[in-house]
Structure formats: structure tokens, C-alpha cells
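A short worksheet on the structure shown next.
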Amino acid sequence: MEFRVEDAIHWFTVVNDKIQENKENLTTLDQVIGDSDHGINMARGFQEVVNKLSTQEYEEVADVLNHVAMTLISKVGGASGPLFGTAFLKFSQAVKGINPVDYDSFTKGLEEALQGVKQRGKAKLGEKTMIDVWSPVVDVFQSEKGFEDNLFIEVAREAMENTKHIMATKGRAAYFKEKSIGHIDPGSASTYMIFEALAEVIKGRK
Amino acid sequence: MEFRVEDAIHWFTVVNDKIQENKENLTTLDQVIGDSDHGINMARGFQEVVNKLSTQEYEEVADVLNHVAMTLISKVGGASGPLFGTAFLKFSQAVKGINPVDYDSFTKGLEEALQGVKQRGKAKLGEKTMIDVWSPVVDVFQSEKGFEDNLFIEVAREAMENTKHIMATKGRAAYFKEKSIGHIDPGSASTYMIFEALAEVIKGRK
Amino acid sequence: MKKIINDPNIVVQDMLKGMVAANPATIKQLPDTTVIVRSDAPTINKVGLVSGGGSGHEPAHAGYVGKGMLDAAVAGEVFTSPTPDQVLEAIKAVDGGSGVFLVIKNYTGDVLNFEMAAELAEAEGIKVEHVIVNDDVAVEDSSFTTGRRGIAGTIFVHKIAGAKAEQGATLDEVKSVAEKVVANVRSMGMALTPCTVPAAGKPSFNLKENEMEIGIGIHGESGIERKEISTADEIASELVTKILDDGVHVRGDDVAIMINGLGATPEMELNIVNSKVNEILNEKGIHVYKTFIGEYMTALEMAGCSVTLLKLDDELKTLLNLSSEAPAFRV
Amino acid sequence: MKKIINDPNIVVQDMLKGMVAANPATIKQLPDTTVIVRSDAPTINKVGLVSGGGSGHEPAHAGYVGKGMLDAAVAGEVFTSPTPDQVLEAIKAVDGGSGVFLVIKNYTGDVLNFEMAAELAEAEGIKVEHVIVNDDVAVEDSSFTTGRRGIAGTIFVHKIAGAKAEQGATLDEVKSVAEKVVANVRSMGMALTPCTVPAAGKPSFNLKENEMEIGIGIHGESGIERKEISTADEIASELVTKILDDGVHVRGDDVAIMINGLGATPEMELNIVNSKVNEILNEKGIHVYKTFIGEYMTALEMAGCSVTLLKLDDELKTLLNLSSEAPAFRV
């Protein structure tokens, strides 16, 4: 399967639907080990992404991703804004000029996105951040040969659930130390939704 | 019956007991149509009165009354401090040099006390203030020929209860306008205790 | 009751200690009193300015003691007027030979205790004059009742009378400018939550989760109406309209605004209220000369705010702009 | 949720409108941004000072914009760091040719967004330096974790770096004095009640009726311990002890104190805390040079306070005393 502009647009439309639907849930997660704004932040950002997506013309997938990145950077704020922004910016740069995006390029894009998040956030796997979902998802992309929607969802969901058991050392949740254990990381929950949306869009295309 | 220094001391000791016991009740009354401090104010003032009463020597009843007045003026504050203070100051001045105080002089003293409260507070009967208890009690003193403890209590209590039905036009309760109706005036409640204590002291003497 | 205190019965003394510790160079506490005076008091040949009232309204009034504002502030127990002997000590401490001026908020307790103190001071040969501030339009202005309460507008009296006294004005001149401020200033407040007098231990009234009270007093005295919380714009509009209805502030006037927080309301919300107050005044052709936003006259930890408008002429503008070194009102 | 607002989603814009309306002569809002700058910005040949962060901490940071302090403040959504494009606008607006200095509180969001803005500004040829304030000793100082948070001590950085810049210092000089302040300042806070982000609509945590949290963050982040409310003296002592344990402030030092209210705590209580803080420092032979009591860095309507100690040398004393025209910090 190849990933086209309309798939990308579809992807972020579904992401936005999920985020809006789960706005309160995400905020509640952030209430426990953060500052009660993650759902609000994400909902503001992705609403803006989608508002513009429908009014613009894109030549290639990289353009959509760039648009998403710039909108998130300028609308989300907090920790998650620059991190998701950086992710999609790096993704966009990695697939620039490749249209439609094939599986390997898509994988490469995700690798770059993950690298971007790690560098920007000075964090690594196992610190109870969105990296804990990005990283296993990138792994499964690398180990597979083509889009495996159900597998992606499964891996992403499990990774998200696993953040429960981690003690946070980066981001705001780090202040909660041991008390951060037992709760899902909000940014991991929204990252899960991004990959769940991707899987659904791919599944729909099949 | 004649009223002596030890009676006066006894009187204010009993007043203090009643006020301390009813501190919260008085404050609760003031919570509804005031600012939640009347019990606290009275308890502070009369505690101080009694603290000093036991350590001082008095030549005559007027001295005790003067001591009570000055202590209330300097310890109670709020509206009730200067008003009760003025009352006992005028009372003291009226019975100066008369020892023991006979019934008629006592009555004269109360008349002066009431006048003092009225002038100081620029208030009259029927405005839902302590005057609404002072005034009927003075009336009954004037119409009787000697201490009638039970009658005093009865009149004072009824007068206090009747403040419920009045709409306040003076003091802080005036801000509550119609809403002040249905609630006993805190200063009337403490005035009642003062006369109840007086009656009990006289009764005990008999 | 959730408070950071040691003992409900000594909050005032503890507080005064903390105030003096914070400003040892500029203020002092008169020994064995609850009176805060400028450390250089009395100022010879200057009219001394004294205010005060119950505690729980901080920074009122001790925060306004400083060059250009008050010479002394007398603190009563929480929500309880101070006693005459304390006020007398303040008067004596700040009398520099030109007399002493008292700024009294119109509450029976304050009026009675300050009046008695003035009588005592006059008996000791000190000239004393006073003004009674009654800016709260939530209450009817009547000579048959207690009349209007004094609330945040009092701070403008402190500032302007203080500047006048600092200029070397006579007692009568200070009185006359203070009376002008009182004539020109109107306020109204509202609350979202009650407050708790420490020694009482429980809230002085209750408001439902969706309720507010319009026109409430700074001790929790009854307001005009309890109703469902509305928007900041509606609240601002209701407060300003009631003030303007009093007829003192009209098209073409210059005014100073004070948006005063009652204790628990964040400055964010006060700014939101100010935005609408400004808009309304603009529409009405009333010119905003100066705006003060913050906590000036509080009611312990009550959530809510008050709006004050002061009509300004050239004299009042000049006096408002003169320097003040009071910690809570630096100009 | 009881708040005086219009719509939880526009509180920041409404607030900024109200701020500008209150200070039209001294500040302005950059069009279509959440940036407040001095109305005369940029000051040619002066280092521009920019700070900012999530809203809900008022008067931080817009209240500190004024001659002698910040040139610009960038307001994010409530408790959410502002975005890089907004910070970039601020940087561009205040660059007078001598570069721009950023005062950043140590939160991942703030650091990331300000860093990205600095990168963008540098790409446009503007020299940018920054300092990261991390004064909160409730959190361990570690390079393996997010590290200490920036809280009320940030205001001292604004004041001192602001005074330095006003003197015409170079970007490096401003940076170096700001780093000195950061090295010398420590804070710790505590809360009695939570606060509610307007758009979230419910409190970010709960505390039982008799419970307090020691070491809490200004967004309600977890503190050191939850326990029964103790006395003001015990609370003051616990906060000061933890600060002193960090070893920065020792016998013989001169310090500035800030007793900061988090939103709903009355000034009365802050003064009570100050009284004990002073007593402890006296006992320890630490000399209190200056004390600031009030609401400087709030957490919406959270009840609680923080204590900040800043160790002073002659340079810092001079800079602390220089004039500031910022509405929330007048010297």
C-alpha cells in the first residue's frame, strides 16, 4: 500500500476526531500526574490542524505533515506542542519529494520523528513519556514489511498501557516520582490515538 | 434589697459565665445578620472584666460598674463595645456615691444607661438593636417598686424574642433589610443574658 | 477552616509582627497596641492621618501607612472595629501639632469607636477632624438607617487626603479634599464564596455551587441579590450600571477605576472584569484616567470583586499622582 | 467551578485586554499575539528582557513588564507554555540591537518552546541568551530528570536582570547576573486547596478538609508530603528549613525574602508566616535585608504560599533597589 495526500488528510481528520472525543479523558490523565491541560492542548491544536487541512491544497504527503507540524508548534504549547511538532516536522523532512510514500519511506519518516522527539525532549525510552509509545511502534514498523494495522494498534495500545508501570523522570510527571506509577502517561495516550487513527485509515483503504 | 459591691461582682461573674457558655450561639446569631463576631467580642470583653474583678478592691458599686465599662470599651470593639461600655459608664455615673445602691437608684442608673446607648448609637426602640431589650427592662424597673427577678427575666426574654419580628434599620443587620426579619438580634441576646444574670444574682441573695 | 495561622485568637498580633518585620525601616508598632505608625511619626506641622478598622481586609489599612498616605493604621480584631483607646494611641502618636484627621468607614462600630477616641483626644487638647466614607451603592443612602457602607473607595481617600496632608495642608483643607473624594467615589462588590472569621471557625454564610451574591459587604453582609453566576461581562456591567445609576459619574467625566479583589479571586479574573468596565465607560463617554487592579480592600479569603469609580478634577488628579511610599500603594 | 470569566477558552485574551486597558500608557499587546510589551519597545542599545509562561500565575509575567524590569511577557494558555511563534514575536519586538535575554522557568514545556523560539530568532540574526530558573527545593536537583521547577524566585531574576539591562549592560553581563540570582535563590511552597484550570472545569487534585501539601508546584504538581494542617509557625519552619538545608544561605549572609501568596491565601496569613520566617533567620544569624510580601507568582485560586530566599551581595542589593515601573513590582 502506498500512502497519499488524501490518506494523510484522512489520518489527521481521524486523529482530531479521537482527540476531541477524548479531550476530557486526556485532561483527566494529566490531572493526576500533571497540570490538567493535555486534552485541552491537543484538542486546540488538532482542531486547528483540521480547520486548515480542508481549505488547502497539498502537493505531497510531506506538505501535509509540514502543515500539521507547524500548526501543532504554534497552537499546542506546553511540552507536547514542540514535541509532536518536532516529530511531524522531522517526518515531513524525511519523506520530502516522495509521493506517494511507500512503506519503507514511511518507516524512515517515523524513525526520524522519534529521533526528533528524543533530541528535543532530551529523553529516552522508559521515562514515562510519549517516547514509550513512539519507540515500540517504530520498532514494529522496522520489523514488518508492510502496513499491519491490527498489529500497530495492538503494540501501541500495549505500550500506552505499560506506561502505567513506569516512574516518570522527564516532563511534569517527574515531580510526582513514585506517585506517577499506576497512571497512564497523557502524552502516550494521545500518541496511541495517533497510531490508532493511522491503523484505521489504512484498514479503511484496504 | 440593696445592691452591694459583692452583688455587682457576682453579677458580672455570672454574666461572663453565660457569655462564655453562649459564645458560639451569639456568634451564630451574628453570622446570620452580621459579621460572625458578636460572641467572640463579648467573650473577649467579659473574660477580661472578670479577670480583673477578682484582683481589685472596690469601694462602691459605681467603681465596679466603671471598671466594667472601661474594660468593655477597651476590649470589645465593634458596635457592641462602645454601646455596652457607654451603658455601664452612665450607670456608674448615676449611682456614684450611693452605696449600697437602693432600688430607685438602680432604676435611675438603668435609665441613664439606656439613654447613653440611645445617644451613642443614634438609635431608638424598634430598630432591632439591644435597645429593644434595654428599654422594656427599664420600663418594668420603673413600674415596679422592688427587684422582681422572675418578672425581669420574663420581660427581657420576651423582648429578646420579639427582636425576631423586627426589620433592622441600625447597626450591621440593617444591610440585611427584610432578610433580618425572623432572626434574633445578637446584641439583644447578650443584653438578655446580662439581665438574666442580674435576676439570678438577686434571686440567690433573697 | 483551612488557614495558615497559629491560634485564631492571636492572628492580629501575629500579623502585625510579620508586617513590622517586613518593613522595619518604615513602620513600627506602638508598644502594647495594635497600632502601626510610620517610624518617623509624628511629622511636625503636618496633619496626621489615621485610619483603621477590623482586621481581615489587608492590605487595608496598615499597608497604606507610609509617606504620602497614612501616618497610622489601627487594627481591630478580625471584622471588629478597634477600640477607642487604641485609636487614641494612634492619634497621639501622629499628632505633629497641626491636628489629626481620621478616615472612618461607615460601620456603626467604626464610627462609634473612632468618635469616642476623637472625644478623648480633644479632651487632651488635640484637634481632630474626620470623614466617614460610604461608597457602597449596594446599600441605600439614608439618614434613617445605618446608611451606605465604606468599602474599597476608602483607599482613594487615604491616597488623596494623604497627599494633601503631605503638601502641608491644614486640617480643614485635608478634610475638605477628603469630603470631595467621598462625594465623588462609588463602589459595588459581589462574591462567589463566603469567608471564615478565624475565631468563628465556620463560614459566615453559604452560597450554592452555582450562586453568586451581588452587592455583598466586605464582612459578608447581605447584598442586593443572590442569583446564578453569570459571565464576567454581565457581572461587570451590573456593578458599573448600579454605580452609574447613582448619578455621580456622567458623560465627559474623568474617572479613576479600582478593580478590587476580595481575597481569593485571581488577578486574571480582575483583569477580565476591567476589560468590560473599560468598554462600558468608553461607550458612555466617561474617560478612564487611571486604573488600579489588585487586592486593596479584601474580605479574608472571600472570592469576588468590587468595582470603584472616582470622579476626578484637576486637584484630585494631581493628588492621586503624587508620590506614595506605602507598601500597598506605591506611586 | 466558580470563576468570574466569560468563556473558559478565551480567558487569556480577555485578561490581556483588561491589562492593556489598565495601563494604556505603559504597555501594549502585539497585534494578534498574547505578547505584552512596553509601549516604547524596543529600547535602542538596551538588552531586551523577555519572560513568559503559562497563564494563571498573574501578576506573572505581564505585571512585571515596565522600565527597570521586563520588556515583554509572553502569555500561554492557562498553565500551558506559550508557543515558539509567540515568543519569537516578543523577541523581535524588544530587540534594540543589543540582543535579547530570555528568563525561562524550568518546565519542559517552557524550556522547549523558548528554545525553539531562540533558534528561530537566531536564524533571523538576533542574538539571544537565556537563563533557566529552578529555585524550587521541593524537587531534587538532578540532571537525569526534569530537575527543579522555577517558581517565585523567578521574580527576583526579572527584577535584577531587568535593572542590569536598564543600566546598559551587555547581553553577557545580563546573563551573568541572572545566573548569579539563579545560583542564590531558593524557594518552597505549600498548598491548602487545589485550583481549577478554567477549561478543565474541575480541580486538578483534592486535599481533605484537614490536609495540606508541602512542596507543591504552582500548577498543582505533586509536593513532598501530604499531612494534617499544622500551625503557621510549623509551616514556615518546614519551608525555611528545607531551603536552608540546600546550603546556599548561611550565617552571616544578607538575604531578601519573598512570602508569596498562591492566590486565595489572605495577606494576613502571609504576614503571619513572615513573622516566623524572620524569627528563624534571626536565630540562624542570617540578616534580612529586604522583605516582599504579596502575590507575585500565583496558581490561580490555590490557597497556600511559598517562601523564597535570595542571597545578596553588593551588586544584587544595588540592582534590587533600582527603580522599577512594572505595575506589579514598583520600586
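For clarity, chains are labelled A, B, C and D in written order, and residue numbers in each chain start from 1.
One rule holds for everything that comes next: a residue touches a chain if its C-beta (ideal position, glycine included) is under 8 Å from a C-beta of that chain, and two chains touch if they have at least 3 such contacts.
Heads up on the chains, UniProt names are A, B = phosphoenolpyruvate--glycerone phosphotransferase; C, D = Dihydroxyacetone kinase subunit DhaK.
As the structure is a prediction and not an experimental result, all values here were calculated from the model.
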item	value
Mean-CA-position distance for chain B and chain A (Å)	75
Separation of mean Cα positions, chain D and chain B [Å, integer]	54
Rounded Å distance, chain B centre to chain C centre (Cα mean)	32
Category of the chain touch graph - line, ring, star, complete, other	line
Chain pairs that touch, as defined at the top of this document	A-D, B-C, C-D
Touching residues (chain side chain A, partner chain D) in the complex	27, 31, 33-37, 40-41, 44, 73-83, 120-121, 169-172, 174-177, 179
Partner chain D, residues of chain C touching it in the complex	2-7, 11, 14-19, 21-23, 55-56, 58-59, 63, 192-193, 209, 212, 229, 231-233, 235, 257, 259, 263-276, 278, 288, 291-293, 295, 298, 300-301, 303-305, 330-331
Residue ranges of chain C touching chain B (in the complex, touch as defined)	54, 76-86, 107-109, 112-113, 116, 139, 144-146, 149, 197, 199-200, 202, 204-205, 217, 219-222
